[in-house]
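Structure record follows, encoded as structure tokens.
Chain nomenclature is as follows: A, B, C, D, E and F, assigned in order of appearance, with residue numbering initiated at 1 for each chain independently.
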Amino acid sequence: MAATRLLSDAEVEKIPALKAVFDDIRATRKSDFVNNFWRGLANDPALLKRTWEQVKVVMATESAIDPLTKEMIYIAVSTANGCSYCVHSHTAAARAKGMTDAQHGELVSIIGLAGQTNHLVTMVPVDPEFEVK
Amino acid sequence: MAATRLLSDAEVEKIPALKAVFDDIRATRKSDFVNNFWRGLANDPALLKRTWEQVKVVMATESAIDPLTKEMIYIAVSTANGCSYCVHSHTAAARAKGMTDAQHGELVSIIGLAGQTNHLVTMVPVDPEFEVK
Amino acid sequence: MAATRLLSDAEVEKIPALKAVFDDIRATRKSDFVNNFWRGLANDPALLKRTWEQVKVVMATESAIDPLTKEMIYIAVSTANGCSYCVHSHTAAARAKGMTDAQHGELVSIIGLAGQTNHLVTMVPVDPEFEVK
Amino acid sequence: MAATRLLSDAEVEKIPALKAVFDDIRATRKSDFVNNFWRGLANDPALLKRTWEQVKVVMATESAIDPLTKEMIYIAVSTANGCSYCVHSHTAAARAKGMTDAQHGELVSIIGLAGQTNHLVTMVPVDPEFEVK
Amino acid sequence: MAATRLLSDAEVEKIPALKAVFDDIRATRKSDFVNNFWRGLANDPALLKRTWEQVKVVMATESAIDPLTKEMIYIAVSTANGCSYCVHSHTAAARAKGMTDAQHGELVSIIGLAGQTNHLVTMVPVDPEFEVK
Amino acid sequence: MAATRLLSDAEVEKIPALKAVFDDIRATRKSDFVNNFWRGLANDPALLKRTWEQVKVVMATESAIDPLTKEMIYIAVSTANGCSYCVHSHTAAARAKGMTDAQHGELVSIIGLAGQTNHLVTMVPVDPEFEVK
């Protein structure tokens, strides 16, 4: 199901602001495939551009957290938010960046454990020891 | 605020099943401090034991994902679930395991970005390319 | 997939308490189409009636917030709750009430931004300046 | 409680990249008050700048959705995400932009109703009539 | 913190529509104590009345689910939604209706387990065997 | 859609650690049917075993909360978390354990009501009367 139109390549080609972003997505990812997420955002060129630029900066290769860990963190947030689309797309991305079956199993275990303890802790006040001053 | 009693060390000492878990928490973490989460769970000795054993296994040092990355994944899930307690406790744990300010800044950036795209994607179907067969 | 039966028009016709609500939905909306949400609730006539009466009052035309804004607020909550059904149905409703592409683009942008900052703020205490006394 | 340091004005003053954003926040809002959200983000100058620029663009006065409606949409998302901080700060902002008591009452009513129907609809498939092609 | 005014008994007394609901809350619960939830809703008399009437009907003593089970279901939803207020108020209510420590321990265990499996299942399609036709 | 492989019976048969759990699931439930949830977890034998053992203990017949109530609490958490899979599987389980249509209607009513009041209460501080000391 879709609640918004997904723009085709033919439609994107006609609008320079969209074409520029799609070209950059393809060049950055070294792949012709542009997934539905971007085709939905393409209904609003400014939102598309802003979102892509943010993704490029935050998920960039050169940084204090390695690219595979970044994808695993992304999967963790997306799972907790129940975002099936993002779990699918970022699991694919994590595998493409070398996530092993053992790492995936542990990732899922941590996510499940955190999901559990997050539910267990609602009744308890934060210890003052954890406060940053 | 607390919606359940937090057991004191004196109370825990009197019940062998609780004392055994608290002793193991202290030995495993090499610290006398036992935080409120465990003091709340201590109302149900079986739940306390089951939860601690799971935490010990999943967050163990020897595994396919390093201990700091595990803590960052934990923070990611907890933030998405809006679990302030867990964000506080696992941020403290991540810092104790060497998380730098730069890594924390990036972690927060990824969490925020994922939170945003999770909200943007609700209207779009998953691409068949992401399916695992 | 459905985890509950969806009542057909033929079934609804036979039960006066259901028929009365379905008739009112059709009359109020000036449309013969009754969507699955109501067909699922129809398993419990009292729940169906209570929910419809509440929808009628809260989403009524005459009020301090205009009908299109109400639909956009509904979409915002539903997106944050990851409720795909409600995002689809209320986006259709908002378009029927005149939501332009530009408004939809901005709505999605605000929802995404709020989703992001909601994730960024977990670590910070509320400023006393925001308290209402 | 805070899980991250909140930078003081004195600290912000010493770092040009932070000072530039704080100056712009004050100038844009015509107010000296900078709330904790920004003081927490200030731990990562790039994240601070990126977030503020996004807020400025998305919440800008000139657009297809009026400023008060934007704030109400923001409150709706934040309530659904259980983000107490954002509910407090954006309720203050909405009131500053003219939200009446009657509008606030209706906003809360719509949020509550959507929260309810979001919970009621989990068992039901989306009607094909709502799909955008 | 409060993002809305909490009406005092003196203020409620002056407005017949509010007084009627507060009187009914006190009579139904056989207690003079009216908690903050209702004092916040009292800013909008229609919302207050609608919400109270719904609570009275749904949580009524005479029904297919016993009153204590109803409170435990309420706690379950509220915990999953991270609603600290509701966890506190309905835990107090469940205890007042006879919830034992053993039942509370099991309730928390089920909530924690469900929280975990809800996080584990994001990657898996629903079995056709579970569909209701 | 699936973001992880679902192991077939043939694959499970070849790995003793997996076969042992699947055999126990079938024996405990007195049914040959093993649903997708377990087939996905089977990618990580340790996670599969840990999760099944926990489910067996927490959902066991002999305890302070009866089996049907446990399933209803499970449905409540899963609905609030928007976990369609778990709503489907545990609604089937609850029906198998005798949930009547009247009970299901009330369960859904309570979940919906809690979902609503959880959204209404974000702006209000917890009453000190609800605190456990």
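Rule of thumb we're sticking to: a residue touches a chain if its C-beta (ideal position, glycine included) is under 8 Å from a C-beta of that chain, and two chains touch if they have at least 3 such contacts.
Quick caveat, the model's predicted, so the values are computed rather than measured.
Chemist: Return the chains common to the contact lists of chain B and chain F.
Modeler: The shared contacts of chain B and chain F, listed by label, come to A, C, D, E.
Chemist: Would you mind telling me which chain pair, A-C or A-E, is linked by more contacting C-beta pairs?
Modeler: Higher C-beta contact count between the two pairs: A-E.
Chemist: Where the CA atoms of chain A average out and where those of chain D average out, how many Å apart are those spots?
Modeler: Chain centroid spacing, chain A to chain D, equals 21 Å.
Chemist: Between chain B and chain C, what distance separates the C-alpha centroids? Give it in angstrom.
Modeler: 35
Chemist: Identify all positions of chain C at which a residue touches two or more other chains, and write them in rising order.
Modeler: In chain C, residues 1-4, 46-47, 50-51, 54, 77-84, 87-88, 91-92, 105-106, 108-109, 111-120, 122-123, 126, 130-132 touch at least two other chains, as defined above.
Chemist: What's the contact topology between the chains, one of line, ring, star, complete, other?
Modeler: Looks like everything touches everything, fully connected.
Chemist: Would you mind writing out the residues of chain E in touch with chain C in their complex?
Modeler: 1-5, 46, 50, 54, 57, 126, 130-133
Chemist: Chain A touches which residues of chain F in the complex?
Modeler: 1, 3-4, 43-44, 46-47, 50-51, 77, 81-83
Chemist: Applying the document's contact rule, which stretches of chain A touch chain E when the two form their complex?
Modeler: Residue positions touching the partner: 78-80, 82, 84, 87-88, 91, 108, 111-120, 122-123.
Chemist: Which positions of chain D touch chain E when the two form their complex?
Modeler: Going by the criterion above, the answer is residues 82, 84, 87-88, 91-92, 101, 104-106, 108-109, 112, 119.
Chemist: Considering only the defined contacts, which chain E positions touch chain F in the complex?
Modeler: Against chain F, chain E makes touches at 1-4, 6, 33, 35-37, 39-41, 47, 51, 54-55, 58-59, 63-65, 69-70, 72-74, 76-81, 83-86, 88-89, 91-92, 100, 102-103, 105-107, 109-111, 113-118, 120-127, 129-132.
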